[in-house]
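Same chain, two partners: subunit A is paired with subunit B first, then with subunit C.
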Partner chain A sequence: MAKKFTKVAYTNLDDFVYGSCPNPVTTKSGMVIGGGVVYPEINFTLPGMDINDVTMPKAATIYSNIIEGVLKRAAELYAPGVLIEFETLPDFTEHPKYGIEVNRILLNGMKEASEKYGLKTAIRTTPNDLREFSRPPIMRSGKYWETMLELYEQCAKDGSDFFSIESTGGKEIHDSALVKADIRLAIFALGILGCNDMEFLWKHLVDLSNANSCFAAGDSSCGFANTAMVLAEKGFIPHVFAAVIRVTAVPRALVAFEQGAVGPSKDCAYEGPYLKAITGSPISMEGKTAACAHLSPVGNIAAAVADTWSNESVQQVKLLSEMAPIVSMEQLIYDCRLMNAATVNGQQLMFRDLLVRSDSALDVQAYVLRPDVVMRISTELVKTQDNFLRTKLAAQLTVAELKKAIIEGKVKSDKRDMKWLDKMEKAIETIPDDPQEFYNEMKSVLDMDKFIPSEYGI
Partner chain B sequence: MATLKDVSQCVLDGDLDEIKVLVQALIDDGTDPIAIINDGLIAGMNIVAPLFKSGEMFVPEVMESADTMNEGMKLVKPLITDEDIPSKGKIIIGTVNGDLHDIGKNLLVMMMESRGYTVIDLGVDVKEEAFSAAVKEHQPNIVGMSSLLTTTMMKIESTIKQLVADGVRNQVKIIIGGAPVTQEFADDIGADGYSDDASTAVELCDLMMSEQNSPEELSA
Partner chain C sequence: MIDYKALIWYIENLEGDKAKEIIDSFIEQKPTRDEGLEIMKACQRGTEKVGVLYERGEYFVSDLLVAGALLEEIKEKLQTIIGEDINSFKSGRITIGSVVGEELEQGEVVLAKIVQTAGFIIIRPDTRVS
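For the complex of A and B:
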């Protein structure tokens, strides 16, 4: 039975802070995520290379060097614990034996660090959503689906703490919604295709994790809202459009929690604060210290209510000081130290508000992550239980919130922003409340070569 | 009376309804269809391109302009033979083997088409042999490859090797791009050009076409 979230998890906005949450999660090594301390979450990837039977030993060596290096530095800097994310490259999921091998290398490195330094660690395993390799994507069966599950299952058996994924259901339609800045199409892709797929996918992932004493941690709207953020950052689409997409993606990400995910949600899910407000589960976030992976206008505010703090990804390349993952490890640890020191000093709220204040007036995408805005919108979203209506409502509320903020001068805006907000507002108003009716209306504009309705249960 | 300038302006404004009225009016007046294309429709996109490059226009607006241009084209095309349709050159483009990122590539396709190139989009996860087969079939001037992953950028190199093995490498210019790709990498693996955005990619193609068409190249 799916969980229902009918009210937000907080009664006092001042309790909505980084490092703690109503429903913390304890890892196998005893790290309590959301239990008071913000932990660093380190992620890394290969430098430019092919992956095949011949190069796999080299890849394995790279990963063992990385894990040894980052955990040594973490111990030297007295990190209270480290969450490691193994976000696979497509080859590691396509050939589960490669992915399993690397996951074991990382688990082994963690064990060694525990023995050598007494360092607490945990690992999040994030396979790829291979299903989109079929075009149009086959979402509910077939070799890609089975291969993905095979990797999950073995990694859980081997000792992974958490499962995540950046799932892509509905993205085949959402991509064109983004480049056309078409909010109706985006709501269709997120609220119908995306939510339906999440229900199917996360039910399986939750069952699989329960059967293998692992936690289902959560998904990310990376393919949707981060793509929007990157496009906005390049000046390709309006920042207000990306900001609206961020919140419109919340109901989709929430489905994982309805199905039984417990957090920490995935680092690149910048919609995390909404998930935390609604579910009370811990979240992972990334910001300034993930600039090695991609730029963003939310470097500080992203940390405001984070429970783990991530660098998203960095290649194993040499910088002047050390290899890049070690550099990231050090940066994350210092970020976390500062946040945790503020907590110990009783200045957590002040620190949260500084993180918020330093970004929130400078970009609409930062503005929608303000804790008060998050709480206001979340409080409305939990009033409806229908995923499609929730998605439509999220878009509507965000447009209204941003219009008000721009008029009141609370956030910097481009002179074209109001025009786009008006355009979105009008477009959302035309969307009927009945999803079937909406689907019928959309049929004339949908590219039916791109997706298979039955793969989404419609 | 409608003028070619009105057509250009209409493309810039992205007015899908008005363009039909304007283009039909010009056709009825007996305006040369090729002039409608070159001095009206494409001229409009030529105003759009620098505005996009300087950040004054968003992609959705550029797409509306491109759609408007295509809407106008639909009316003019039946009046001329395929050979008369002006094309700056033929480009084959795709995202390499194992890679599914295509937003950047799709933008490129749109920009190239709207600047007068004929583009054949092979899609994503395009195997080495598929690039080679497409070169043989379509005889393009330029081949473009996109890669966004550090583990698929090497597929650009293997695709070039495939083109060499199949004896078609020298008949095309190869341009590449995507997040992990750099000019240095392009030089290392023997690509002919690199660009990190769609506008300069089109300028790169223009440059390559002018080199291909220069007398020196022709006699070589």
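For the complex of A and C:
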């Protein structure tokens, strides 16, 4: 039975802060995520190399060195706890034995750090969504689906604390929507294909996690809204389009929580503040300290209501000081120390607002992460329970928020922005409220060779 | 009487429906092939202006795609009047890559492919046009 979120989790905007939330999650090691302290979440990967039976021992050694190094540094810097994210490489998911082996190496490293330093740790295991490897994607069966589940199940049995994924349902259509900056197509991909797939996928992941004493944590719109963010950064599409896509992706991400996910949401899900506002669950976020992985216009504001603070990912390469994951670990710990010190000093709200103020007026994508904007839009989104209507509404509300902010001079805008907002507004108005009617309308513009409707239950 | 200036302006400003209305009313007048070629040239001038606006940073890649798709729709409408020669009409030319002699970066290669799908011809700074 899916959960319904009919009201936001906060009554006072001043309670909507980093480090704490109404529904914290306690890990096996006793870390209380969302219980008052912001924890660092470290993510790392191999330097460029092939993965096969011959190279796997080398890969295993690299992961062993990484986990030993980052946890040693965390202990040296008195981290209150560390969340490890193991985001698998596609080969690790396609060949679950590789992924399972590395996950075990990390779990062993965590156990050793606990015994040696008394360090609290937890691990989020994030297999790849390989289903899009089939073209058109096969979403509900087949070898990619099976291997993905196999990896999840064994990792949970071995002791993983959290499950996550950057799922890709609807991406085959959404990619076209992005390059054309076509909001109707984007709403179809996110609100119908994406949400339908999330219902199917997360029901399975929640069942698997419940059966194996593991938490279903959350998904990410990485393939959707983060792609938009990167395309906007390169000047391919308007920043306002990327900002609208960010919020339009919220209902899709929310489906995981309706199905039973409890957080912390995935670090690269910059839509996390909306999820926290609606569900009261903890969220992971990344910003300035993820510049090792990708650039963004939301470096500070992303931390405003974060419960774990992540670096996205970094390769095991040598920097002047140390190996890059150790450097990231140190940076994350200092970021978290500052946030936590402000909390202890009674200045949490002031610090949150500084994080917000330093970014929010400079880019529309930062503006839509302002806690007050998040709360205003979230309050409207929970008034409808239909995923498609919620997606359409998210786009409508964001366009309206941005138009108002630009007119009032609250956010820096490009001379092209208002034209694009008008264009999006008109396009959204033409979308019917009935999803079937909308699908029928879209058939003439959809490339039916790219996706299989039955894989999305339509 | 076709208002060529308005047609060019609508295409330049990506007002596709208005541009197509002009084309439809033109077709209703049972034009000759030469008249068809004339109006096609005007459409091309419109998409060329879109390309210039993109190069000036006033338009996005997505605008190029919209313009390219619009020109394709217009070509479809005019094909019966003009015939196969219609395929020689491209959307315009876009310069990609800022330094003469440098290889395109990975992002620029992707960009070039997208721009080509919109019917534009890619010009490199080191390409000499006589």
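Quick note on the criterion: the second predicted complex is superposed on the first by the 458 of 458 C-alpha atoms of A that agree within 3 Å, B and C clash if a C-alpha of one lies under 4 Å from a C-alpha of the other, contacts with A are read in each partner's own complex, and residues count from 1 in each chain.
To be clear about the criterion, contacts are C-beta pairs under 8 Å (C-beta built on N, C-alpha and C of every residue); 3 or more make two chains touch, one makes a residue touch a chain.
This is a predicted model, so every value here is computed, not measured.
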{"item": "Joint occupancy of subunit A by subunit B and subunit C, clash or fit", "value": "clash"}
{"item": "Which of subunit B and subunit C A:K7 touches, first, second, both or neither", "value": "neither"}
{"item": "Partner chain in contact with A:T227 - subunit B first, subunit C second, else both or neither", "value": "first"}
{"item": "Contacts of A:F236 with subunit B and subunit C, given as first, second, both or neither", "value": "both"}
{"item": "Touched subunit A residues, subunit B compared with subunit C", "value": "B"}
{"item": "Touched partner set for A:R135, first subunit B, second subunit C, both or neither", "value": "first"}
{"item": "Touched partner set for A:T45, first subunit B, second subunit C, both or neither", "value": "first"}
{"item": "Partner chain(s) touched by A:L89 [first = subunit B, second = subunit C, both, neither]", "value": "first"}
{"item": "Touched partner set for A:K383, first subunit B, second subunit C, both or neither", "value": "neither"}
{"item": "Contact residues common to both interfaces of subunit A (with subunit B and with subunit C)", "value": "179-182, 234-238, 416"}
{"item": "Residue numbers on subunit C that touch subunit A, as the complex places them", "value": "57-62, 65-66, 69, 107, 111, 114"}
{"item": "Subunit B - residues contacting subunit A, complex", "value": "55, 58-60, 63, 98-100, 102-103, 106-107, 123-125, 149-151, 153-155, 180, 185, 197"}
{"item": "Subunit A to subunit C touching residues, read off their complex", "value": "179-182, 234-238, 241, 415-416"}
{"item": "Subunit A residues touching subunit B - in the complex, by the definition given at the top", "value": "45-51, 89-91, 132-133, 135, 175, 178-182, 227, 231, 234-238, 315, 416"}
